[in-house]
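I've put the structures underneath this note.
Paired with chain B in one complex and with chain C in the other, chain A is shared by the two complexes that follow.
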Partner chain A sequence: MIATPFEYLAPESLGAALAALAEDSEGTAILGGGTWLVPDLDSGARRARRVLDLAGLGLNRIDRGEDGSLRVGAMCTYTQLADAPSPLLAMMAAQITGGAAIRNQATIGGSLVAARAQSDAPAAAIAARAVAVLASAGGERRVGVHELAPRRDEILVALELPPPAPGNGYRKLKLGASSWPIATAAAAVGPDRTIVVLGGVSASPIRIEALRPEELTVTVEHPFEDALAPAAYRAAVAAPLARRALEDALRRCG
Partner chain B sequence: MRLTIDLDGRERSAEVDTRLRLVEALRECFGALAPKIGCGTGDCGACTIEQDGLLVKSCLKLAVAAQGSRITTLEGLAPRGELTELQCAFWEHHAFQCGFCVSGMVLSARELLAREPDPSEEAIRAALDANLCRCTGYQNIVAAVRSAASARRAR
Partner chain C sequence: MERRPLHDGDIIAGGRARYTADLALAGMAHGAVVRSPHPHARIRAIDSSKARALPGVIAVISGEDAVALCDPIPHSLDAGQLGGNHAEVRCLALERVRYAGEALVAVVAEDPGTAAHAARSVEVDYEPLPAVVETLDALAAGAPLLHAEWGSNVIIAGHAGDHDFDAVAAGHARIAGEVRSHRGTAAPLEPRAWLAEFDPAERRLTMYATTQNPHPLRTTLAAALGLDERRVRIIAPRSGGSFGSKMYGNREDFIAAVMAIAAGRPVRWVEERAAALLPGAHEQVHRYEAAFSDDGRVRALRVSSLSNHGAPAPGHGWGMALVGALTVGAGYAIESVGVDYTVVATNKAPWNGTKPFGKDGAALVTERVMDEVARASGLDPAEVRRRNMLEPDALPCLTPTGIELDSGRYAVALERALERLDYAAAREAQRAARARGELVGIGIGFELTPEGADIPGALVAGFDTSTVRVDPSGRVSVLTGVTSPGGGNDTAIAQLVAAELGIDPAEVEVVQGDTDRTPYGFGNISSRGLVTGGSSALLAAREVAERLRAVAARMLEAPEVELRDGAAHAGGRSAPLRAVAHAAHALGYVVGLDVEPHLEATRSFRPPNIRHTGTPQPYANYPYAVHASVVEVDRETGLVRARRHVVVHDCGTQVNPLLVEGQVHGGVAMGLGAALGEELRYAPDGRPLSDSFKTYLLARASDLPEIELEHLVTPSPFTPLGTKGAGEAGYGGAQAALLAAVNDAIAPARLDALPASAPNVLAAMTR
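So, the complex of A and B:
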């Protein structure tokens, strides 16, 4: 049981949610899928006077524009994303560890806001050139996912994705079936831009504007380390994984 | 607060503390003891239930957020005490040792078979990769799921 008492709020509109958040933004924890927040509240790593549940706001839609652009609601689960017309998000979502249950519960928005080093979603979203739509009582603003740092009075409501690049590759390295990733690499190859983004190897994703696979070099300045792999291991696997993802993307480009 | 849910086919209501996780409320307030409290972080799968038709880990949910939902636990699969084909396969293959993981294992296997009636060995293992068996009895569990799938196809 969670040790500290809190008030549970389940607003039914974004306006009501933002108004409630503005009343006590410092003391409010925003609840998406719960896969990060609920264990953190339970362990005491996170304390909140209020928990604001986004489930009733209808933020779980995926809308496709005529040009192939995509608006993905922040509460979309990995199960939804696995079928979404975004190759990078779909490949990432299909490989999420935790089985059907986690894919049914965890949300893309929650993962991006939690921004844990070992998460799968941030690197894939950055490679897909996703823009985060942040709402507060004061209005809306948009920032690239690579710069995403929501203020306490803001709710991430959606991601906006441009039409997908013609070639996409996603590679994930983990050493056990039920393990968190040790490293992920997402590559997108288009006529005007090629990008590879590494996840899991440092506190935030590493963007490499590239290039051809043989030219690709990676320097991980401050490698992330956990029980699964030491920093040196992560630094060593980063470049080969990035190269493989880029090769996949180039091959799919034709 | 008062929490009302459809639990294993019956409408049930109980007073729950806002601070309870769903798995705790199911066990402590509703007496549903099939879902177990294992890791509490979504890794082990012992608390797996089905909520509104979707497999979920009930340690990652607040009980108060489950208002009005339809929940199926392992006990809901055999309400009259007659085991389902899948449960029989677990029995016949001795697919459990201490029994702690079995509720989550059966529900995850059931979700797989509903989606994929003829799963490959690889698909069976993938569907169970978020359910940990601390007795490491995985071979028999996989064999049970395989056998339940072929029994179903033979019908």
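So, the complex of A and C:
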């Protein structure tokens, strides 16, 4: 039960949304799919004077460029992503925990902005070399998802993805069907670059890049701990999981 | 009898069922409570002025305010009267809170949001006290005490069985060790909810409540609130799951009543999920020592079980430790069994009765002993069990702990399970997998579940009562003192009554859970719904059938009447049942003179093997099951994948095998889920960490293998149809089998503490 009253805004254009956000950026909570925000408001972990719903802004499109690049609207749901022509985002979305209610509701943008250590999306998006498009009343800026830290007056509107690498692998370790990820590993292998990104094992994703797969080494300096798994466990499973994702990616390279 | 789906299954599965939280009364207000964030603290002061000032707030009730309205909660099983310590527990905490989440202030407001806001606006000045969280820490010298007047944190300690271990064990080989089970909870999808209304003029309380035991709740509520029991009506609407968590003795039932009395309005209060996940169970440390002869026969078994109860509570929770102690070794031919049990108070949330009420602990430690004897003797684990199980002709048999097993074919069940698994082939496949570097394990778990308890002094009776009534229109009702937690005993009771009256079960309406309508009864508890409610309904139906036949004999002018297909048949003629029923009422002086008037009979069924003199026997029957589990363990991550799970289960005669299967499937899912990782975790400082279904991970269908279930039927000699309880089947044996399978997979490493979650298994493998 959300205990404190708030004002609910559902603007129908990005301009109107940004203007409303500029009025009270500190007191505003931006509502994507709501799968994080609503429980937080409900439990009292977060309070807001205003809730700004992005549902009316048309940010739920996936556009494919001729070169295979993608622009993914921030309000795209996991259900949409599961069919998207991005192997990493599609593999990630297909393994989302929580059933249809979550897959149809939760958004890629919301997940990236919430940036919970347990989230599925960040590692996959980083391995896909996604660039975040952030809008504010002052204009637009672009930043790699691995550096994403929106200001309070900004709205994440889209991700831009370069054409996918030839080989991709995504592995997720969780304790049961209802569990958040304990660790995720997203691997992309191209002719001249290999990247593995580990999610869930530390507060923010760990990027490991190398010229060749065999040069990758995995170390987790500050492993994350939560009610589901201790830090030592995350540290222990990071390397095997990265190896498995990489092996998948190499196999798909042919 | 007939496999028949739940009479209301389509309503439930179709989302059209109404539960307590769906009900409303005119003028209804909404409740919320303030819960302590501290595991242990003194309440210095409560300032509720801000909460009271909020528009829409109707009442704010502190623990002190509640003293005038409600006496201390009557204990349903008072350790203080059984050689342990008594704790006075009030509905809202007074002076001190002893676990994080304990309720200390209740709020009533016009809408749920305002109630929640008001609860968060109450300012409490706490003086945090040192908390004690772990079992052994609570027993250590100098530990902070929850009740200083006790001089320790022991709620109760006792012994079951003999003291002959040393004498019997002399000269035999021994094993010893420890196995721990973790804290879990019943976790029904429906949290507890109440809708209460108080009429101050007549001092009449009506309460819709998610309770398993409406009449005992009525008795205890009336006592604590100073009301006339006849003016308290408890209605238990359809249950969204209980598994013990809604047994009477919950303080929340009393808070709900106090809210309605203080507000002077009907009040609905629905517990939040985090609170629904507070009640605990299962958390035990078992230390065992066993002596065995060269042939693998266990001669003597000594167990010490420590239970982390959490804060003392007025419920039955601690009784799980006693029941577990009584059940250790049962079903095996062990000459000496002795179990010391100690129930320890800590600053966790209290234990609450939870399926399978302590018998899981007994299965865990007993099966661990069988596996360790196998390991030490070089015998196969199945062979060790085969050699130790009681032979069918050894029954009835008094176990060393003092329970009288009535009937059972344990070794037959074992053989059936091994056959279904194809044990030899499974072992061969295991060897092949190991040769490929894969970790595959096979585990066996035997469970024996004493059911149908009668607890002296508590409102937990081995008997229950049903009325069967036929209206002038021929409609048949059963009003029974047992309630259904959703397992379908109402459907099965309808089948039993319909068979006696020769009608379709769909024609029988079973009325449960309303203290103004049904005979006094004890609800659902100890897997006794069908044994007591079903048997009493059967006896009452036979009496009514006899009257119907007598009336029909006059109507049809033939002496031998048969009731079938909705009609009375005699001498080639027939009369519809509704005509007979109408005649019994309307032509009583014409066709009814041979029998007691009125087509209504009330009967109780009291299992004859329960007694409290001589060697006390608190249980009516002893269903059992043998489980076999096959698992794979991921060497690098410790993840356990359950591949197969075979169960051979025996609850005697089955009235409706479909419902029995539902019970066993549910129990196995709970037991495997517990073994794989459902866990109520606490931070070292005593804060609960598992407050949602994202942190308390229930097993989902895709986490579990197909449950391969077979039945044996060994009827009870003590019930009219030979039925035994089935409500707690599946959990203990499944949990034990899964742990055994994991340990078989990772041997020579060994996991001694559940759950077999990936982090724990990997740690055990790398230790």
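Operating definition for what follows: the second predicted complex is superposed on the first by the 248 of 254 C-alpha atoms of A that agree within 3 Å, B and C clash if a C-alpha of one lies under 4 Å from a C-alpha of the other, contacts with A are read in each partner's own complex, and residues count from 1 in each chain.
The working rule: contacts are C-beta pairs under 8 Å (C-beta built on N, C-alpha and C of every residue); 3 or more make two chains touch, one makes a residue touch a chain.
All figures in this text were calculated on a predicted structure; none of them were measured in a lab.
Asker: Quick one: classify A:Ala3 as touching chain B (first), chain C (second), both or neither.
Answerer: Both chain B and chain C are touched by A:Ala3.
Asker: Report for A:Ser178: first if it touches chain B alone, second if chain C alone, otherwise both or neither.
Answerer: both
Asker: Does chain B (first) or chain C (second) touch A:Ser69, or do both, or does neither?
Answerer: So A:Ser69 meets neither chain B nor chain C here.
Asker: Which partner does A:Leu241 reach: the first (chain B), the second (chain C), both, or neither?
Answerer: So A:Leu241 only meets chain C here.
Asker: Could you give the residue numbers on chain A that contact chain B in one complex and chain C in the other?
Answerer: Chain A residues touching both partners: 1-5, 39, 43, 177-178.
Asker: How about chain C: which of its residues touch chain A in the complex?
Answerer: Listed in rising order, the residues are 32, 112-113, 115-117, 119-120, 272, 274, 636-639, 676-677, 681, 689-690, 692-695, 697-703, 757-759, 762-763, 766.
Asker: Residues of chain A touching chain C in their complex?
Answerer: Spelled out, the residues of chain A in touch with chain C are 1-5, 39, 43-44, 173, 175-180, 182, 227-230, 232-233, 236-237, 240-241.
Asker: So in the complex, which bits of chain A are touching chain B?
Answerer: 1-8, 10, 31, 33-35, 38-39, 42-43, 51, 53, 55, 79, 97-102, 104-105, 177-178
Asker: Over in the complex, which chain B residues touch chain A? Could you list them?
Answerer: Residue positions touching the partner: 1, 17-21, 24, 40-43, 45, 48, 54-57, 59-62, 64-65, 108, 111-112, 125-132.
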